[in-house]
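Before we start, here is the structure in question, set down as structure tokens.
Per-chain residue numbering starts at 1, and chain names A, B and C are given in the order in which the chains are listed.
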Amino acid sequence: MAETLLTLENATIVFGGLTAVFRVNMHVDPGELVGLIGPNGAGKTTIFNLITGVYKLTEGSIELHDAEKDRTISLVGRKPYAVTRLGIARTFQNIRLFKEMTVLDNVRIALNGEVRSTLLASLTHLGRYHREERRLVEEAQRLLDVFDLGAKKDELARNLPYGEQRRLEIARAMATRPKLLLLDEPAAGMNPIETSALADTIARIRRDFDLTVLLIEHDMSLVMKICERIYVLDHGALIAEGTPAEVQSNERVIEAYLGDDDDI
Amino acid sequence: MERFLQQIVNGVSLGSIYALIALGYTMVYGIIKLINFAHGDVLMIGAFVSFAVTTFTRLGFIPALLISMVTCMCLGVIIERVAYKPLRNSSRIAVLITAIGVSLLLEYTLMYFVGAQTRSFRQGVLPATIYNIGGVRISVQQIIIILLSLVLMMLLQFIVRKTKQGKAMRAVSFDKEAAQLMGINVDRTISFTFLLGSALAGAAGVMVGIYYNSIDPLMGMMPGLKAFVAAVFGGIGNIPGAMVGGLSIGVIETLVAGYGASLYRDAAVFAILILVLILKPSGLMGKGGGSKV
Amino acid sequence: MASERKSIFSRGVGVLTVKNGIILVLLLAAFGIVQILRWLGWIYGPIDDALAWICIYVVLAVSLNLITGFTGQFSLGHAGFMAIGAYTAAIIVGRYQTFPSVLVGLAAGGILAMIVGILIGVPTLRLKGDYLAIATLGMAEIIRVIAMNLTITGGASGLFSNGHMVTWPMLFLVMVITVVVISNFIRSARGRACIAIREDEIAAESMGINSTKYKVMAFAIGAFFGGVGGALYSSYFYVTKPVTFSFMMSVNILVIVVFGGLGSISGSVISAVVISAITQYLISANALNVFGLFSIEFSRVNQIIYALLLVAIMLFRPKGLMGTMEIGDLFKRIGRRKERVQ
């Protein structure tokens, strides 16, 4: 399976006595846009937390394939920052920007992995400190421009309107130079116009950054429109997988969604 | 062996005092996530009240104890209402500094009025009989301390487990918002927690006074800190944990002191604290909770 | 684009900016004024001590602010680092009594404090908020008890040296270096990582920031300068006693930091100046006569006043004087307001 970028095998996590995710098998191939859907509490965000190392697997394996070096890396037991450095970035369901920092700094922080100057340079501002800082600012500015946030770079993140906060979160994630981007309900709280703009943005960054995307979303029109393949999760277990058309006509999926009053 | 047993007896009596104090810390921490630095000073006030009662009136030990507990109850509730309640939505550090401020205020206000010197209880408040059981000496005071702590802890367990207010306390410490939605008066429950904790601190204050036979305005600091260590040791927020933690810290401290390292007894307690935090931060009886993403 | 226009303060190349120039001029002015007053004979014993305390408290407060204000790691044990620095310097300086030995003492005190900081930080910085506070408090108490029982530290009566081994220019210089180095750090990529951890640790980790590493880094730097502050203390004042480094000292430093604003260097500096000046005044002035009606004996009430102020500040201005802002931000804000008016 050399083509696969991310593979989850029998991924299981138990909190106390509650099995939140049970034997999930998933794979995401390079360049794909895969959707992960399911009723509230199905365990979608938990899967993101497992992939990114926020939670530890109780059982199973999660592996990332590095095509350049042709090697497979296990993500189990890695801390979130280490997973990010391997090329997996994420956004959060309930936006977690650094609210008291500027838009520019939010992105600059995500560029920290590229800092090469020494601690001594940080303490004295001598050596290549200034050159490097300038480069970081330019780089952050470039990314902000891609997401139409360039003009707002000096504003505090908390002062941005909701839609722009979501965009900034994606820009920030992109600054870690990911191969795989995990988006957790990026359209939540957006109106149809904003959602459609978001769809365009996702399409654009996939193309421009050669990106693979795994997307959790409740907005079915968005999921059906942009995803190439969809996994459906219910009560912590996968109940269906396939193209949007296949998933839409799957009986168990319909049942899962009809059985859940919250989502209709 | 006798020496060891002797240290255990001393340790258990000291430990039951720590347990009483630790209960106050653990309940308050469980409910509003505050290290109530003023708790040790509530204890000190309790000691002074009982000192005043036994010195200036003809009342005996039990009335003095009750008066101390009631005074401390009121004090605890007032402190919560005046100093902590307005800060309910502030940063943790702001509340913690307020607690330190209240602690200093109690210490130095009292010092202003009574001076910094130490005082001792008058003779005969408690009988000074000492029993010798197979070479192990145990005083009436120690027996009273241990028994009284047991009774108070059982009473507390009853209140927390069986009464409506106690159930409300547990609900609020579990999930404040949900408790509120269930119609629980959160403010009153928090006050009630302070009331219970402070009453126990009042009782503990009397016992500390008897145990060391010396009281002064700064006497609450060390037992307070050690009791907090005990609460962490047992698993903070956990009531049985505080009891076990208090006893353990008391016994460990007396063992360290009894076997030659008496100068390092305080350091030993804090070393244990750091070890616990490193090895099992949730404490002996606590359950580890992950942060929610 | 309007936002591209640089403010006058950030013009310049590298270190040579207008802003840094202004800062340098102000520093020289402050130093110069004190020197002139000294020549005029207006600075004597108590005022000299107050100036020394200001420098020492600035060093201690700014270093604690890095740990607690910027990185969000709540430490109640800064007195412990101060004690390590103080004793190390006192031992070294006491043995050689020369100026180079003071420099060695400062460096050694800082480094030793840093080593202890790393040893204690690596395991405990995984803990959240209050646990760390209590662990650092425990550490400081352990250090104090050890100092009280060792022969080399002079036991409970402590160590004595004969005379001020550091003087005002040295104190001032070390203070300036501390402030500059720590504010440099905060404005570097590493410092931003620390602030990000304070803002949201999980989000910071998700951005590839190794939070443990940066927390330990901030803790180590803070501990280093905490040690330096202690070394300054023992080299200026003759006595180094365990009782100085009690829990109250940690509280004093923390109060200065919180009063100035967690996450504001200039706040810490201002607050250290104000609080040490007031404290020293209260200590040296015996009583205040209120309109000739009655007099207040400070020695008896200053702790009560301190406690009341503490509670009042927390109740009415929990963010401190400056919040997370710096003096520079204030000017910028005024500038922006003027722009808007025009």
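For this structure, a couple of remarks:
The rule is simple: a contact is a pair of C-beta atoms (placed from the backbone, for glycine too) under 8 Å apart; a residue touches a chain by one contact, two chains touch by 3 or more.
This structure is a prediction, so every number in the text was calculated from the model and none was measured.
Here the chain at the heart of the shown protein, by mean C-alpha position, is C. Each chain gets a centre from the mean of its Cα atoms; the one farthest from the centre of chain B is A.
Centroid to centroid, with C-alpha atoms defining each point, chain A and chain B lie 48 Å apart. With each centre defined as the average position of its C-alpha atoms, the distance from chain B to chain C rounds to 33 Å. For the pair chain A and chain C, the distance between mean C-alpha positions equals 41 Å. For chain A, residues touching at least two other chains, in rising order: 54, 92. Chain contacts: chain B has residues 293 touching two or more partner chains. Taken residue by residue, chain C touches two or more other chains at 202, whereas all remaining positions touch fewer.
On chain C, the positions that touch chain A within their shared complex are 1, 3, 14-15, 181, 184-185, 187-193, 195-196, 199-200, 202-211, 217, 221, 324. By the touch criterion given at the top, residues 52, 54, 79-82, 84-85, 89-90, 92, 96-101, 105, 108-113, 115, 117, 119, 121-126, 129-130, 132-133, 136, 151, 153-154, 172-173, 175-176 of chain A touch chain C in their complex. The touching residues of chain B, counted against chain C in their complex, run 29, 33, 35, 83, 86-87, 90-98, 100-105, 107-109, 111-112, 221, 225, 228-229, 232, 263-264, 266-267, 270-271, 273-274, 277-278, 281, 291, 293. Within the complex formed with chain B, the residues of chain C that make contact are 68, 74, 120, 123-124, 126-131, 133-135, 137-139, 141-142, 145-146, 148-149, 202, 247, 251, 254-255, 258, 262, 300-301, 303-304, 306-308, 310-311, 314-315, 318.
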